[in-house]
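Order of writing sets the labels: A, B, C and D. Residues in every chain begin at 1.
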Amino acid sequence: MARRVEASAPARPAAANDRASHGKGWRTGLTLIEPNRILVRGYPLDEVMGRVSYGEAVYLLLVGELPTPAIGKLMEALLVALIDHGTTPPSTQAARTVATSGAPLRACVAAGVLGFGTYHGGDIEGCMQLLERGVALARGGRTYEDVAAELVGEFIARHEPVPGFGHRIHTHDPRVARLFQMALELDLDGQHLKMVRALERALNATRPPDSHIPINVDGAIAAVCSEIGLAPAVGSAMFIISRVPGLIAQSLEEQERERPMRQIDSSAVVYDGPKERRLPGTRK
Amino acid sequence: MARRVEASAPARPAAANDRASHGKGWRTGLTLIEPNRILVRGYPLDEVMGRVSYGEAVYLLLVGELPTPAIGKLMEALLVALIDHGTTPPSTQAARTVATSGAPLRACVAAGVLGFGTYHGGDIEGCMQLLERGVALARGGRTYEDVAAELVGEFIARHEPVPGFGHRIHTHDPRVARLFQMALELDLDGQHLKMVRALERALNATRPPDSHIPINVDGAIAAVCSEIGLAPAVGSAMFIISRVPGLIAQSLEEQERERPMRQIDSSAVVYDGPKERRLPGTRK
Amino acid sequence: MARRVEASAPARPAAANDRASHGKGWRTGLTLIEPNRILVRGYPLDEVMGRVSYGEAVYLLLVGELPTPAIGKLMEALLVALIDHGTTPPSTQAARTVATSGAPLRACVAAGVLGFGTYHGGDIEGCMQLLERGVALARGGRTYEDVAAELVGEFIARHEPVPGFGHRIHTHDPRVARLFQMALELDLDGQHLKMVRALERALNATRPPDSHIPINVDGAIAAVCSEIGLAPAVGSAMFIISRVPGLIAQSLEEQERERPMRQIDSSAVVYDGPKERRLPGTRK
Amino acid sequence: MARRVEASAPARPAAANDRASHGKGWRTGLTLIEPNRILVRGYPLDEVMGRVSYGEAVYLLLVGELPTPAIGKLMEALLVALIDHGTTPPSTQAARTVATSGAPLRACVAAGVLGFGTYHGGDIEGCMQLLERGVALARGGRTYEDVAAELVGEFIARHEPVPGFGHRIHTHDPRVARLFQMALELDLDGQHLKMVRALERALNATRPPDSHIPINVDGAIAAVCSEIGLAPAVGSAMFIISRVPGLIAQSLEEQERERPMRQIDSSAVVYDGPKERRLPGTRK
């Protein structure tokens, strides 16, 4: 008998069920472990080390094949884009709060990951589904403007926000501009990026000029992930992967610099890190 | 009044307490967030994207400065080395078990991170502390062999295993050999790597020839992390960062290929992924 | 702007939004903490201790008022009913798997709680919503049989299981019979219990006699929780509250009796606890 | 080879290792599950329901035998004592922070449980070990005063706090007085309670009169749990069991009353629940 699947769980197509394990034996296609031998998607892990970037290895593991060099560069940029976002996100606050109780680092990270709820990183998957639907409609012969107007209209009629648009803090998120610029330079500026911009125009055509709702970083990541062929569940997972070092750095800073059991009021934080600085010339 | 700290929590030196927040104001030196501006350790994040690898960005965030290019390459290799290790580690089993209940991906990842207990990844921090102690003793004028024999003797006298040695599966872990080779090629083969090899010799000098205990991947990572200047808590965190894509890939595969609520018996798994294959020539 | 809510998150009625905090001040109606004074829902906690059972205190905290003595007895029975269910549920397997890595008890419990996914305890909330809908329809003047046939028909048409029916192991779950008997004896056998039985009849009227689908423990708990006035989100939470001691007992047994890092195969477990025994006569 | 155990993990005596599973078969002594049959520690669960309180069932599951009626009453009082403590504990803040991201209730509870770090509930286990050591010394013929002075002296010499003494908020915690009064009335006021009071006198004999350090609720729970025969790991677990309804109530209130993604400043909370009220006369 079929069972119901939580909204956020991956869909379970008939084909997948046909492949499901029967009896005790079951299968994995990810990693082969034998004594002194580790293959990830068929490649010996020691051969991959030093020859494939981490972003490329993440793509290999999650998609099954090595990416093109251009996609590999975009994967690394995606991971860098979300590595930390200061002290205010719920994920970071959850990690710091657990850290203040004296818990081990693993517990801080786990609590932080649990703080990626519907309202925090949850737009990536929904925006990817929206973009895929839009691109499919456009492939049927309609213009991007026409499709985008219809899709935006649906959300407005339901009084729901369009996933991937609007941010608590940034009106022109520097990560968004940079991701789109890189996609352009790497010749990865295809239908999904065209669609997300069409949606932005359609959404703001309905609004007064002084209340522009920009593409947010979830929306930009959704567009780029769709463009490079990631499934929506995988695109959404990129946020978790990327932010773990941020959760770790924030938890370690909490335990190094603050007294235990404090009440964390994020409105009272003062940045005392390095002043703005430029990358060395060799990096540009 | 001072309070006790869990063994796995970072020590809290007097200097750190002096810097602790008083009253409501508190400080962060990691990331500055202002409208349309994000600085990580002083660098604009959009400038970092595409110019700094993810491994370098992790180093920047956790250590505070950009690494040298050689250290950056080793950081990427470290992250790749631990990206997945099949279906048997407790972290992976915990993630798959939560996945089989139909839980969202975030819950699977959090449960997986909680499965990095004392016996699973827990050796990195202890081995780094051991290596730091050994290197400090050797700097005092004693030979590495002499220091290593003393340190190993302490563990044997307490009937405790030496952290960083011995593995459930691998006797010659291919990741260990590759990490040491890369450290050599990148000219990062210094005192801590010398010490871990001295410990291996000292440990096995006490054992019959057919029961060699090798450096395990925790030990190799500990040596390399110490060599490139990471603190023990940060070295230990590298395992968590690296393995999150593995937890995600395994959880997604569980939900795509298997029926819900199954009993997972890891001894019954069959690998049906790609046969062993080589990297394309351009990668070598 | 309204935001989307995950299926499992509580609905956010307009009235709740009107009460939402503005600016920095916010409110709680649960517990007042002042130096040397603790009020839970207005009652001094020290006065409650020893005079109110834990099940009654849970009701007080979650509902806001003390229950009647009959409801209090049913609350304790509900909590007892789910206290443990052996080694096979995903929640228990997740807790044991984390325990085998040497993690602290808190981490085992947290992983266990994360293992309560859609397919495991997730039916309580859905069944409560179904029962509330059915009772509302019946109050409009239709017979329970008529309403139940319509509701069951909807699930069958969508090829979805009816929440609260069918169990992996039990065809006549002893907890179900006992809960219904207690509800009858305590005069708490009202409309929601009537409706769940009507649904059972309607569901099985569509099936061959040898494939009876029984009310499961989720369904029985849903009916009883609806009957005593718990909201669906609270009824669902009863499962979590009740099972935590089971997660703890299983994790402690894992760490006391088994070797670390073992592969847990739940099909190979043997029960070696006490033989079946009766409660002492004074308990009956 | 023996492996190291995290400080908070239960010790693994040789006897336990001897009992460890070999090969695939392994054993559980907790709960027997067969179709239509559930035994907890040998008792049919349906027979236990309605005849044994939840506190008694927790004791049965964790200790292996039914408690005496007096111990059963104290178990319920212990569970009630810790059911909630307002909005400021790290566990509650972690749960609310995850709730504000729109996460499901399970994720909120798991994050809350992870917030029980060293500094928050962590004193119960340490205090129980201290009391057991003290009682063992007193059984050797020394006076409680003499033993307590020696034990307190050790902590003072190490500049460490004595576990179970001192509280952030309460100087005369009402839960402590009530627990001790109940233990007295139930004739459970034995050696461990005598020892905790001796420790309080010895600790404060070293301090000026205006800086009295009281027994805190962790210390009172430790004394009572030791008195009724719980192992330290089990006593410590009582805090987790008891507080889960508090984590749930706080998370549900957060999602019902507050806007998503808010910054939680616990210093700005206002209590708007019922005014102080008395239990109905029938409860006294």
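Convention: a contact is a pair of C-beta atoms (placed from the backbone, for glycine too) under 8 Å apart; a residue touches a chain by one contact, two chains touch by 3 or more.
Just so we're clear, the structure is a prediction, and the values are computed from it rather than from any experiment.
Between the chain pairs B-C and A-B, more C-beta pairs are in contact across A-B.
The most distant chain from chain A, with centres taken as the mean of CA atoms, is D. Centre-to-centre, using mean CA coordinates, chain B is 40 Å away from chain C.
Rounded to whole angstrom, the centroid-to-centroid distance between chain A and chain C, based on C-alpha atoms, equals 34 Å.
Taking the mean of the C-alpha atoms as each chain's centre, chain A and chain B sit 23 Å apart. Touching of two or more other chains is recorded for residues 3, 5-6, 8-9, 24, 88, 102-104, 106-107, 110-111, 114, 116-119, 122, 260, 264-265, 267 of chain A. Taken pairwise by the contact criterion, the protein chains are fully connected, each one touching every other. Taken in their complex, chain D has these residues touching chain C: 3, 5-6, 8-10, 12, 16-17, 19-21, 24-33, 35-55, 57-58, 61-62, 64, 66, 73, 76-77, 79-81, 83-88, 102-107, 109-111, 113-114, 116-117, 169-175, 177-179, 182, 233-234, 236-237, 240-241, 244-246, 248-250, 252-253, 255-260, 262, 264-265, 268-280, 283-284.
Contacts from chain C toward chain B in the complex involve residues 88, 90-91, 93-94, 97-104, 107-108, 110-111, 114-120, 122, 168, 260-261, 263-267.
Of all residues in chain C, those touching chain A in their complex are 1-9, 24, 103-104, 106-107, 110, 114, 117-119, 122, 126, 159-161, 163, 166, 267.
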